[in-house]
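Quick heads-up: structures coming right below.
Note that chain A is present in both complexes that follow, paired respectively with chain B and with chain C.
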Partner chain A sequence: MEKNELIAKVNSVLAEEFEVEESVITAEANIKQTLQLDSLSLVDMVALIESEFGVKIPAGDLAKVQTFGALYDYLAERQ
Partner chain B sequence: MKRVVITGMGIWSCLGKSLDEVRDSLYTGKSGIILDPMRKEMGFRSGLTAKVDIPDLKGELSRSQRAYMPEQAKYAYCATVEALRNAGIDQDYLDKHDVGLLYGNDSSADPTVRAVDTMREKHDTTLCGSGAIFQSMNSTVTMNLGTIFRLRGINLTVSGACASGAHAIGLGALLIQTGLQDMIVCGGAQEVNPFSIGSFDGISAFSVREDAPQKASRPFDRDRDGLVPGGGAATVIIEEYEHAVKRGAPIIAEILGYGFSANGDHISSPNVEGPSKSLRMAIERAGIQLDEIGYINAHATSTHVGDTNEAKAIYNVFGDRRIEVTSTKSQTGHEMWMAGASEVIYSMLMMKNNFIAANINFENPDEDSAKLLIPAQRIEKHFDTFLSNSFGFGGTNATLIVRNM
Partner chain C sequence: MIFRNNDIYQLIPQRPPMFMVDVVWAATESDADTGLTIQENNIFVENGLFREPGIIEHIAQSAAAFAGYGTFVRGEQPKLGYIGEIKDCVMHEFPHVGDELRTRIELVAEVNGIRLINAEVHVQDILIATCQMKIFLKDD
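Moving on, here comes the complex of A and B:
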């Protein structure tokens, strides 16, 4: 998947699941704040990413994936 | 002892998604039963089921709230919204008072099965998602309703098999009678997905009259061949009488008596002595004469032994008194954990609208049902007091007596 295509799919999938406008998702934005994730819904994001992109983000890596930009890169490197 | 009244009710069932719809379905004798092709593909002996739509709560509840709710919690939410509205209770009231919650529920199979499938396939528990634990616990309905409505009184799920809903109302009434609570949200909920009752189908308990789904549930009829599973949720708001008067609540009815017993016998086959004891206890606690009861809503599920033994128990207690007895399961199928609560609501709708719904599909009596007055057609009748039976696996029995107000 091309990076632009990946970004578009990440934004679409997360906006749909967490019920936010896609326009608020930018590379610099903080994931937890933007999607209003608590410790429980963060688990849902991990499950959703695995289901849609086949990439499991281990708990130890979550601290490195703070922004959507970091998430795009994380997924792009593992696809 | 304090008096206990019902000030609100709400329902989500195969007969309708509001009290008005359900009243009309009862009046016209509508059946909520269909044949589900998916169950046949899954290897069910019987594909018969009640048809209950799962409510779409997007826009009404947050994404997180919905994530923790299995289908029966969604039914219970809708029934409770309707019941609270009818009782004149808003969120501000709930925030300022210690309102309790006692709800019948005895399974949550669908989320449990899905989580296990994920664990087996992915070998990673995180991928089950955050909702799986809250959806799969037996107390899922009370934990969801308690947090959504911010209730701060007693919060407890009552698991008494097919008598769960009736025990929830009865136990709630006891808490109010003794002054421990002023108001409790009571009810019963039942999931309708195939996973929840596949093993029940496996013990040949269900009707196989698949060529005529709406004729399949036929309590008390000579040619009955098993029950049809159903579900949904039903909520009643019960309240201490003086408390209800003081706040100007719409008082619908009074809970006069709650009887209970256990058979101490076979795990699935009911007997006659246990139910008879429950009936007698409810009548004694209600402090009424048998002739005051104008209608009996039977537990009768359309199984051979169950209906026969209940008919014997009713005859044991009421003798030759000509009191109408029907089973609304002829229309709804067996709503199991929900049934004790929904059947109180069905009976109240009849009582408030001066009719007794037909025991549909009752075409020929057997030896025991012939001794009871079972109307196969709707009758127009005013009555002010009814008795409702609920019995469950393990031999748990509950009887409620309710009077019009």
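Moving on, here comes the complex of A and C:
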């Protein structure tokens, strides 16, 4: 998958699941703040990413994936 | 390794009458198979049927036993688990006294001690319940 396609799919999937406008999802935006994730819904995001993109994000890596830009890069490197 | 009855005390901290898993057939890092034979004196039995709270508690304790298997392998004490969320829970049938529940637990994701699991409960080939749960495991 090309990176542009990946970004579009990430934005679409997350916007739908967490009921936000896609326009608020930008590379610089903080994931937890933008999607209003708490500790319980953070697990949902990790499960969704794994089911949609086949990439498991270990808890230790979550600290490195704070923004959507970091998430795009993380997924692109592992696909 | 199969755990039965009191052996399961090594996996979960619950004790009778709130002891809702009497066998762990198998467990790996990603899934587990557990069971429970419904006794007449089970506190969740009403009019010969094992009711919703009992099924949910059985699923939660199955998930805790699954986590407890991991701590047992590492030589640690079992952790207390709390139900953080119950989602998409469907009860298809109520088991009868004497029925043997067979429950499949699959780990979907785990972040910071919170486990998202899928559960399917059967009696023989009859689907009893399906459920998704988040279980929070408390560190000592």
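Here is the rule we use: the second predicted complex is superposed on the first by the 79 of 79 C-alpha atoms of A that agree within 3 Å, B and C clash if a C-alpha of one lies under 4 Å from a C-alpha of the other, contacts with A are read in each partner's own complex, and residues count from 1 in each chain.
Note that in this section contacts are C-beta pairs under 8 Å (C-beta built on N, C-alpha and C of every residue); 3 or more make two chains touch, one makes a residue touch a chain.
Note that the structure is a prediction, hence the values are computed from the model and not measured.
Touch criterion met: A:Leu62 reaches chain C, while chain B stays clear of it.
Of the two partner chains, neither chain B nor chain C is touched by A:Leu6.
In the superposition on chain A, A:Ala70 makes contact with neither chain B nor chain C. Residue contacts after overlaying the shared chain place A:Ala29 against neither chain B nor chain C. After overlaying the two complexes on the shared chain, residue contacts for A:Phe18 are found with chain B alone; chain C is out of touch.
In the superposed model, A:Asp44 lies in contact with both chain B and chain C.
Shared contact residues of chain A, touching chain B in one structure and chain C in the other: 40, 43-44, 46-47, 50, 56, 59. Against chain A, in their complex, chain C makes its touches with residues 84-85, 108-112, 114-116, 134.
Touching chain A in their complex are the following residues of chain B: 58, 63-64, 67, 122, 124, 126-131. Residues of chain A touching chain C in their complex: 39-40, 42-44, 46-47, 50, 56, 59, 62. For chain A in complex with chain B, the touching residues are 17-19, 38, 40-41, 43-44, 46-47, 50-51, 56, 59.
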